[in-house]
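You will see subunit A twice below: alongside subunit B first, and alongside subunit C after that.
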Partner chain A sequence: MLKFLTRSRGFKRFDWTDWLSYLYLSVGLFTMFAPILWLVMSSLKTESALSQFPPTFLPYTQKTVQVAGFDKPLPLFMTRDDQGVQRPMAQVRRIGIMATMVDPARPEAPIQVNINDRKPVNELKFAFANYTELFGKFNFGLYLWNSVFITVVATLLTLLINSMAAFALSKYKFQGQKTVFVLIIATLMIPPTIVLVPVFLVINSVGLLNSLWGVILPAIATPTGVFLLRQYMLTIPDELLEAARMDNASEWRIYWKIVLPLSAPALAVLAIFSVMWRWNDFLLPLIVLSRSEFFTLQLALNSFQGELNTQWNYLLAMTVITLVPITLVFAFLQKYITTGIASAGVK
Partner chain B sequence: MAVFLRLLALFFNLFEPLFRWGQRLLGNSRIGWLFVGPNLLIFGLFTFLPIIINLSYAMTGGVNLMPLQRPYTGTENFEILLECRNYFDIQTCRKDVFWRAIFNTVKFSLIQVVLMVLLSLLTALVLNRKIIGRGFWRGVYFYPVLLSPVVVALIWKWLLQNQGVFNALLVGAGAAPVNWLTDAGWAFFWTIFVSIWAHMGFYTLILLAGLQAIPKDMYEAAEMDAASPWRVLRRITLPLLMPNLIVVMVLAMIRAVQIFDEVFVLTGGGPGSATTFIVQFIYQTGFAEQIHLYGLAAAASLVLALGLMLLTFAQLRLTRAEQAGQKAR
Partner chain C sequence: MAHLELSRVVKRFDETTILHGIDLRVEDGEFIVFVGPSGCGKSTLLRVISGLESPTAGDILIDGVNVNAVSAAHRGCAMVFQSYALYPHMTVYDNMAFGLENLGEDKAEIQAKVASAAAQLRLQELLQRKPTQLSGGQRQRVAIGRAIVRQPKLFLFDEPLSNLDAELRVSMRSELRELHARLQATMVYVTHDQVEAMTLADRIVVLRAGKIEQVGTPLALYNQPANEFVAGFIGSPRMNFIPAELLRQSAPALVQPAHSHTVGLRPEHVLVNDSGPLSYQVQQVEQMGSTSLMRGTLCSNMPNTAPGNEQTHFEVVCQGQTAVQPGQTVRLSMPPAALHFFDEHGLRLQELNT
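Presenting the complex of A and B:
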C-alpha cells in the first residue's frame, strides 16, 4: 500500500501497485460517470417507464397495440392459460386482480384473466418526445435563450472591462495605481454571499430587478479576471507600445490593436471561466429574477423540481440539455481548462 | 467570420473619439483612470458600497428595503441571533435555526474538508504515477467540477429518490429501502458525499500540479539511499507539497463554509433543519420567507464574514509558519 502511494514514475515492471492504481482509477471512472450515464438513460424513458420499480438501465416500455373498436392504444401482455399456452393479449380494463383482455386479432371476444397469469410485453423505446415536447410545453426555449443571453453578453463585457483595467494596471504608471490594484485584489476576499442583501438593494435601486441585466452587470468585474490578464500583459514588451505611440496611435488604439490581440491566450482562459461561472450561476439569479419569464435554465430546473407533482421525464431531459454545453466546452477545451486552473488556482 | 471581425472593429472604433477626448482632458499621466473606470464603477456599486450598506442593515430593523427608512435598533439583530437562555441547549435560543445552521456548517466543513483533502491527495498521488492516458483520467475526476450545482443536485436526487437506483439495489439484495434524503443522518451524509463528488477534481488538479513540480532528482537520490516508500512520502513528497496542500485546505474550507446551491436543491435544508447551512439561513431570512428580515440576514452575513476572516487569518499564519519552517530546514 505504501509503495503504491509513494512510488514515483519511471518503473519498468507492471506490478501489483499498477494494478491497484488502475483499479482505483476505474472505480473513480464509475463513480464519476455512472450517475451521469444513468441520468441520460433515464431521460430517454417515458413517464410510465420511469415509475417502474425496480428501474431498468435501458428505456424499456410496455408495448401497446391498436385494437379495432378502441380509441386508445391498449397495453400488451403475454398471457398463459390453464394448458400453459402463451398468447399475446391487450388489456381493456382491470378491476382488482382480474383483467379484461382481448386478442388483438379478434377484438369481439374479451375474456377475464387473473393478473398473475400475465406478463407485460416490453420493448426498447427511446422517448425523444421528452426533449421535443419541452419546447412546446414549458417555455423551455425562453429559459434557454435567457441563459444563453446572460452567458454570452456577460462574458463579452467581462472580457472587455477586465482587459481594460488590466491594461491600465500593467502598462501605465499613474497616481493611485497601487491602491486600485490592491482594492481590486481585496475583493477576492469578499465572497458574494456576504453582501447578498445590499446587492439586492443596489440592483433594486437601479431598477434592474427582474431584468437579465440585473444578473449580468454585478458580476462582470471579476478580480480573478483582472489579475489573470494583468499578469499576462506584464509579459508584453513596452517597446511595442512605444513604437505605436511614435506612429501617433491613440492609447485606445494601442489597447485594442496591440495589447488585446497579444493577450488572446489569457483572454481565452478567462472566457472559458466566465462561461462556466455565468452558465452555472444560481444564487444571484435566484434573488434577482423572480418572474418566470426571466428564469435561466438553472432557475427553471430548481422551480420545476420543487413542484408537488414533478414530471421527472421532462425534468431529466431539461437537466441533460443544461449539461450539454458545458460538456462540449470541456470535451474540446479540456487541456486549456485544466492547465489554466492548475496555473491560476481559480474556479 | 469576416463580418464578425468587421463588426468588432466598428465597435472598438466607436470608443476611439471618447478616449482621445479623455486623453486631452486628463493628460497622459492620468489616462489610466479611464481604463480602470468601468471596472471600478462596477466594483464600487456592487461590492464596496454593499459592504457599507450591510453594516447599516445589520444595525437597523423593520422590513423596509431602503436603508434611510429603517429604524435604528443598535445591536438588537445580533442579540436576536445570538441570545440563548442556556448555551448548552440549542432549543432555548431565540433563533435556534441560526445556531443549528452554524453547528451544521461547522460539522459539514470539518468532515468534508478532511475527506476532500485526503481523497484528492490520494487521487493526485495515483495520477502522478506512470499512468497510461493520464490526461483522460484527470479529465474523469475533473468533469463534475464544471457541472452546475443545480444539475449535480438533480442527478443525485434522481438516484437517491425512494424509487431510485440505490433503493432498487438494496431491494434486489434483499434489504429494506432507505429514505436517503428524508432521514436526517443519511441526508447529511449525502450532502457531504455529493459536494465531494462535485468538487474533488478541482483540488486534485492543484495537488497534481504541485506533485509534478517536485524535482525528479529528489526521488532518484532517495532511491540511491534505498529509502523506504513511507520515508519518501513523509520526507520528500509531503513537505514539498505543503504549499499546495495549504492552498487546497484553505480554498476547500472557504468554499465549504459557503455551501448553498447543491444542498438547497438536493435536500432543501431538510429534513427539518438537518442540512440547513449558514448561507441558506441568510437566503431564507432575507428573501424566501413571508416577511423579509433584511437586518437579521445582514447581521447573519456579518457573522459569516467574521468566520471567513478568521479562516483567512489562520491561512496567513499557516503559510508564514510553513515558510519559516522551510527556511529552518
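Presenting the complex of A and C:
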C-alpha cells in the first residue's frame, strides 16, 4: 500500500513532477471526498451534536450519568470550584446562568454552579439510532421500493429502446438516416428543465400523474444513449449481419442474438449511466409524483426538510443511504465505464 | 445441387456502374471461380447472387426460378466470408447451429447435423470453443462448417483463403477440392489469386471492370486466352508481350497473321538457344532449384526511331538450374506453336496452323 502510494516517475528519488502530481491528486481527493466524509460523520451525530457550534468532525456527544433519585440520565459536566479543584458533576436543572448540580456519588447534596465554571464532558459516540429509527419512523421501505422500481424498469427500457434506435441508425441505410441522427443528437442541446413544462402537460394529459410510469416513460429515450450505442455498433462488422442474414435469421433475431450481445460493453456503460440518472433524478419525480406513497428516496429526502423544523440527523442518514447503491454500482463497474467510454468514443 | 443462371445482370451504385450486364450459366455440381484484379466487381457479383445486394437490372435464376425478389435467407445459398464472420460471442457449436435454429428445426436433428458436419471438417474437439480461441485455419473450417450444415443448394465463397498464410492456403485448397468432390454441390468461388483459380476451378470466369473477359476451363484459358488481359492474368509468371514489329525484324522467318500487333509468349515456353533469333540481356537471375527465372530486356536491332523500340521487359523460366549470369547476353528461341498473336485491340488472332 505504502509502496503504491509513493510510486514515482521511474526515478529512484521523487522528482518535482511527482510532488506536483501528488499535490494535485491530494487536493482533488480532498475537494471531492471531504464533503462526503463530513456527511457520513454528521449522519452519525445526535441532533444536539449537529447543532453544536463550533462543529466537530467526529460525532461527540455529552456524557450522561444515571444518578440515584432521578428518573432520567443527567448530563455530566466538569466543574471548577473556587479553589480551582475540578470535579465531574451532573446537572439537575439550569436557571439563567446558574445551574443546580450534584455529585453523582453524593446525590443528596446539590450545589449551585455558575455556567461559566463548567465544561461539558464529551465522549465519542456513534448515533446509529439515526439509521435504525429511520426504518421505523418513515415509510422508508416504500420509498426505497419506488426508487428501485423506477431505476430498474427505466434502465431496462432505456437499454431496449436506445439499442433498437442505435441498431437502425448504424446498420440500415435509409433516406433521412443522417437527418434523424442529427436531430437526435441536437436534442442534447436542449436542457431538460426547458422541456419540463411540456413534459408535465403531456404526462398530465395521458393521465400518468402520480404514477411511477409517469417518471419512467419520459426518460427512457436518451440521445446520449443512442449516440453511445450507435458509435459502438458501427464497429460491429457488417459481414456478421450478412452472415446471419444468410443463416436465415430475421432482422429481429439479428438484433437480439447478434448485435445486442456484441454491444454488451456499450450497454454496460449506458446501464450504469441510466442507473445513476434515474436514481439521482429529482426534478421529474418532483413534478409528477405529489402523493407521498409514490415518493422516491430523493423526494422523501426533500420532504424531510420541513418548513419550520428539519430533522437533520435523519435527513443526513437517509442521504447516506441513498448514496450507497450508486457508490457500489460505480465502484464495481467503473472499469466498464472507462473502457466502454474509450471504446465507444474513439472507434 | 442447383444450377444458376445470370442474364444481363447490371449493378449500379449511384453513378458508378460496377457490373455491365453479366451473362453466365453455372451447371449442377460445378465449381466455378470468379477471378480478376481488385475492383473488377467479382465480389459484387457474388453478393448479387447471394441476395445481399439486389441487381439494378437483369435476372438471377436458381434452378430455373427467378429469385430477384427472394431475400438472401430464402435463396438457399450459404456463404463463406473473407473475414469468416463467425459470431464471436457464440461457441463453434452455436455458430454452426444458428442457421438451423433459425429454420426452427428440432434440437436433436440440429445436434446430429452439426455433429456430422464437424466430423467432416475434423472440428469435433473444438465445438465448445469460442472463435477467438481458434487458429486461422480452424476458423476457416468453422466458417465452411457453418455453410455445409444447412445443406444449401449453392455455396458461395468470398476470397475465403486470403487471410491464411501460404502453407495453410495450399492445404485448405486441397481440402476444398476434396469437399467439393464429396458434396457434389454447386460452388461459386471468388478470388484474386489466379493460382487458386487454376487449381480449384472446373471453369474460370475472368472479370475486368464489370465485364466478363472469358469463361472456360483453366487449361482453355491458359492455352487459348481470348485477349491480352486474360493472357496476362492467367499463368505465373506473367506472359511476356513483345511488339509484333520487333519479332518481324528479329525473326523474319516467322510467319505472323496479317493484323498482328502484339505477340504473347509465356516465360516457360522460351528456350535459351545459341542459334535463336532473339538477343536477350539478362539483368537478374532467380535460382529456385527446380526452375530458374531470368529477368531482363530484349535487344532489338531496329533503328532508335522505329515504333516499339522501347526496351521490352522479358522473363524466361528454365527448367533446372542455369549457368547464365546477370549481365550476360544470351540468345532465345521459341516454338512457333507457343506464340499468341493479338491485334491492336488486344483480341486474339487465330493461330496460323488452324
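We take it that the second predicted complex is superposed on the first by the 284 of 347 C-alpha atoms of A that agree within 3 Å, B and C clash if a C-alpha of one lies under 4 Å from a C-alpha of the other, contacts with A are read in each partner's own complex, and residues count from 1 in each chain.
Following the convention adopted for this analysis, contacts are C-beta pairs under 8 Å (C-beta built on N, C-alpha and C of every residue); 3 or more make two chains touch, one makes a residue touch a chain.
Quick caveat: nothing in here was measured; it's all calculated off a predicted structure.
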| item | value |
| --- | --- |
| Contacts of A:A154 with subunit B and subunit C, given as first, second, both or neither | neither |
| Partner chain(s) touched by A:I194 [first = subunit B, second = subunit C, both, neither] | first |
| Touching partner for A:A317 - first (subunit B), second (subunit C), both, neither | neither |
| Contacts of A:R253 with subunit B and subunit C, given as first, second, both or neither | both |
| Touched partner set for A:A243, first subunit B, second subunit C, both or neither | second |
| Residue contacts with subunit A in the superposition, subunit B compared against subunit C | B |
| First, second, both or neither for A:L262, with subunit B first and subunit C second | second |
| Partner chain(s) touched by A:V288 [first = subunit B, second = subunit C, both, neither] | neither |
| Residues of subunit A that lie at the interface with subunit B and also at the interface with subunit C | 250, 253 |
| Residues of subunit C that touch subunit A when the two form their complex | 50, 52, 71-74, 77-79, 81-83, 85-89, 98-99, 102-103, 146, 150 |
| Touch list for subunit B against partner subunit A, complex | 12, 15-16, 18-20, 23, 29-36, 38-40, 42-43, 45-51, 53-54, 57, 65-67, 122-123, 125-131, 135, 137-151, 154-159, 163-165, 168, 171-172, 197, 202, 205-206, 208-209, 216, 219, 228-230, 232-233, 237, 247, 251, 254, 258, 260-261, 264-265, 268, 279, 282-283, 286-287, 294, 297-298, 301-302, 304-305, 308, 312 |
| In the complex with subunit C, residue positions of subunit A that touch it | 237, 239-240, 242-250, 253, 257-258, 261-262, 264 |
| Residue numbers on subunit A that touch subunit B, as the complex places them | 2-3, 5-11, 17-18, 21-22, 24-25, 28-29, 31-33, 35-36, 38-39, 42, 51, 53-55, 161-162, 164-165, 167-169, 172-177, 180, 183-184, 187, 189-191, 193-202, 204, 206, 217-221, 226, 250-253, 255-256, 276, 279-280, 282-283, 286-287, 298, 301-302, 305-306, 312, 315-316, 319, 322-323, 326-327, 329-330, 334-335, 337-338, 341-343, 345, 347 |
